[in-house]
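What follows is one structure encoded as structure tokens, with my remarks underneath.
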């Protein structure tokens, strides 16, 4: 919308006067704040701030000045309005992939999908109908390590800002995950931390819960333990079989994943420890 | 409302024609069905039916006839419109207890609260303001066994249909629970099975979840593992401390508990295995 | 799933013993009831029943026998498991159309989309990527009557069971609507009856509501007054512009519309007066 | 909790640098910001800010300095941590009144309820059980004007910061409302603007909606048209009679009202035009 809008994400040890100092710098450089959020993580006494600002002339100068005004180990991330590059990964289920492709194609999510990677051929036609290059890298007859190396090579060739596991049903090795730390979004089909691991809908059915959900989180070395970004739920009852739960759950999965992707694309998510701050 | 309304709860092995046979009997005895629900539990091939019927003349006759028409090991429960007797148990938190007392006093829940039992004096005034006898049975200086014996003696003197743990913060022994099997409702302050045990709000905060909830369930021998009756949730975010979560969570606890109590009072809950069927 | 599953929808004046009579007939014809729901509309004293039944041998015989057992003006609708034929109509917004096309392509909704009709070319590529014939019938330079005649001719050529207005942004004449009475589903982008007519998100913004919603309903002669099938909502706040509301609202629109379409396809919706009974 | 916490609510014409100036003043006076929110109303180009700050020594000095730094027609409201005084008004329904009384008695809402006023005797016992003075001012045999004068005299004697209509079922005259402008909270038992006026649950039932709700708003001269503070909804279906809707709706009413009261007590609500900004 506004080509000159800038998003700042600042993280530094907490100390008095940070907001005044930061907003003072922005004002002196011609910035007009249009959105603003702050948070102090009490467990590590660290300050986080996200500011959307318009009218900044010299962005490099701003960044240099900001750093001199902030504590030594502050991190400052400045993002413009260019769309982020995203690689989508999926296996055979189309609901999350299709939803993201439509949102992207029609400008609902500000991203450039640079490729779809799958370990099956199933979703090729769906991807290509949106003119997105689809690459099937089958795991059949391959060692995990070799398969992951092939996938990583493809990802690196596409050089994305974000990798989205849109129901990619393979467990990733710690090496894979650490290579793209806090840049892999995953959707888990349960309300974490309930029902980690395989077959969460069957687990939910066996426990007789009255609500099921989905969780979008950053992938981490420990399965289903990464920082949570978004969650949502729907009611179920005794009439729902595990299959019914799965069908209804898909609607939750796709909207939770789209929400988390949006937060990432708009620079609203910061990881602190094993949690996220989401500046909504 | 309608003095002649009868609620039937039938459970028996599934076989063809059960609905036709049962509704046929009801019709021949002058019954008019006003609410009806059926369910077959596929894991045990058992049929469950709840029917609210008006106009039955001879209830005892109906029951005898029904039993001759149903498989040998069928159970038939017939309930009239008399209000069920309920004992409420609490410790120091007033939100669930107060909510149930108000609902009872003003006819929102069709129950007769015959007493409040607590291990603290804190809630005496609240109970007595609704003219409900309050008995404090302190656990101070008592062995668990002796304390539970005193509580059970008091419950037995009140002879309730249902015991509601309205934030009674003591773990009950298996002996206590089996004495009132499927007649003790408990409210757990998390979305079970996530965060069993102590301090669920702190656990939720530490995991960084974006939704918290509450679960009403029948108390069972294994802590927080009993059949679930009702659950609900609310969103939270990084700004919420464990204390904020607890405060907001109390609103969910009280409405989930009230919902489960209503289902029980209206004969809508049947336990099968470790799950409930709730005929809403 | 089950080729021999039959769905019955019965509507007749209420009288005692209907359930027993109907389920008796089903049992005697070899039917096993797998889903069952009844409702009596008190304002017209009419009985409605939906039953899913397996194992019926002679369906025509069943229908004849049922009619002899039911009051004279009873209507009995019997549906098998064949997928219903659906025409989708849209203008330029892709979110509802795309969502329905994906759901159909991958078997989430049991329908056969036989065509997409639009008054713009915008959505041609989306439709055709799912191999669905797309026909643009522009209203430019045409009288309303002539345009509608052309649209109706195309619909009639496709002979659908259901027409879905998936954000078709033209008001339909009473003649059009009565031709496909209770077979046109529309999605309105507000929580009806709030904000009827044009620009509901702007109306919502001007009123300062804290929740916005969407409503799926049968199209009726009076705009936005038809029988409501499904509704859902999301929270908004002062930070949301009308444009933000529209963007977030689209997610509600598409899931509410998909829900209503599912109810229709599974024969769960009955119209009584200006309301619907939805046998969920 | 923190005796030295101060809440600032600032409203002034928007201009560049306001946040930097305000937070600069706070910092120079020893303030540490613990919560912060800003909003610019684009329709009137006005800036609003709410800040919770700790550590301010001289509050009067702060206020004087702030005013010299801000545009001429700025308004600055400074609130400490003293509990606000509240008068509750009700008629015969206990659910909202009882819920607020319990929340107040046990510290869930930071308010001092200084009295309950009703036009019926019904709720005297409930109020007095919480040691809250109850005054019945019957409207029987009185002109509206005289009755309102008596009510206003009682309110003025109690000198509250806020008047809460907790299901007070009398329409207030414009004179009454303007006397306590933006200090009267009302709960309307529908999702406004749907179903204004009398019998909203019956209206909802007649329209056949699938969701019902409640709206907490500031009372205004035009009935049910005041600025909305909070809304919530629950699903209903064809089985719900108007009476069922009313019963289920009461749960929504009480939680929406409690939410709006909390926002007011914590100085989170600002009115701009006919809308509210709620700094959550």
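When the chains are written out, they are named A, B, C and D in that same order, and each has its own residue count from 1.
Rule of thumb we're sticking to: contacts are C-beta pairs under 8 Å (C-beta built on N, C-alpha and C of every residue); 3 or more make two chains touch, one makes a residue touch a chain.
What you see is a predicted model; the values in this text were computed from it and never measured.
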{"item": "If a chain touches subunit A and subunit B alike, it appears here", "value": "C, D"}
{"item": "Farthest chain relative to subunit C (centres taken as mean CA coordinates)", "value": "D"}
{"item": "CA centroid of subunit A to CA centroid of subunit D, Å", "value": "37"}
{"item": "In subunit A, residues with contacts to at least two other chains", "value": "none"}
{"item": "For the subunit A and subunit C complex, residues of the former touching the latter", "value": "94-95, 98-99, 102-103, 105-106, 108, 126, 129-130, 247, 250-251, 255, 258"}
{"item": "Subunit C-facing residues of subunit D, complex", "value": "39, 42, 191-195, 207-211, 213, 227-233, 237-239, 241, 274-278, 280"}
{"item": "Residues on subunit D engaged by subunit A in the complex (per definition of touch)", "value": "16-17, 19-20, 23-24, 26-27, 32-34, 36, 38, 40"}
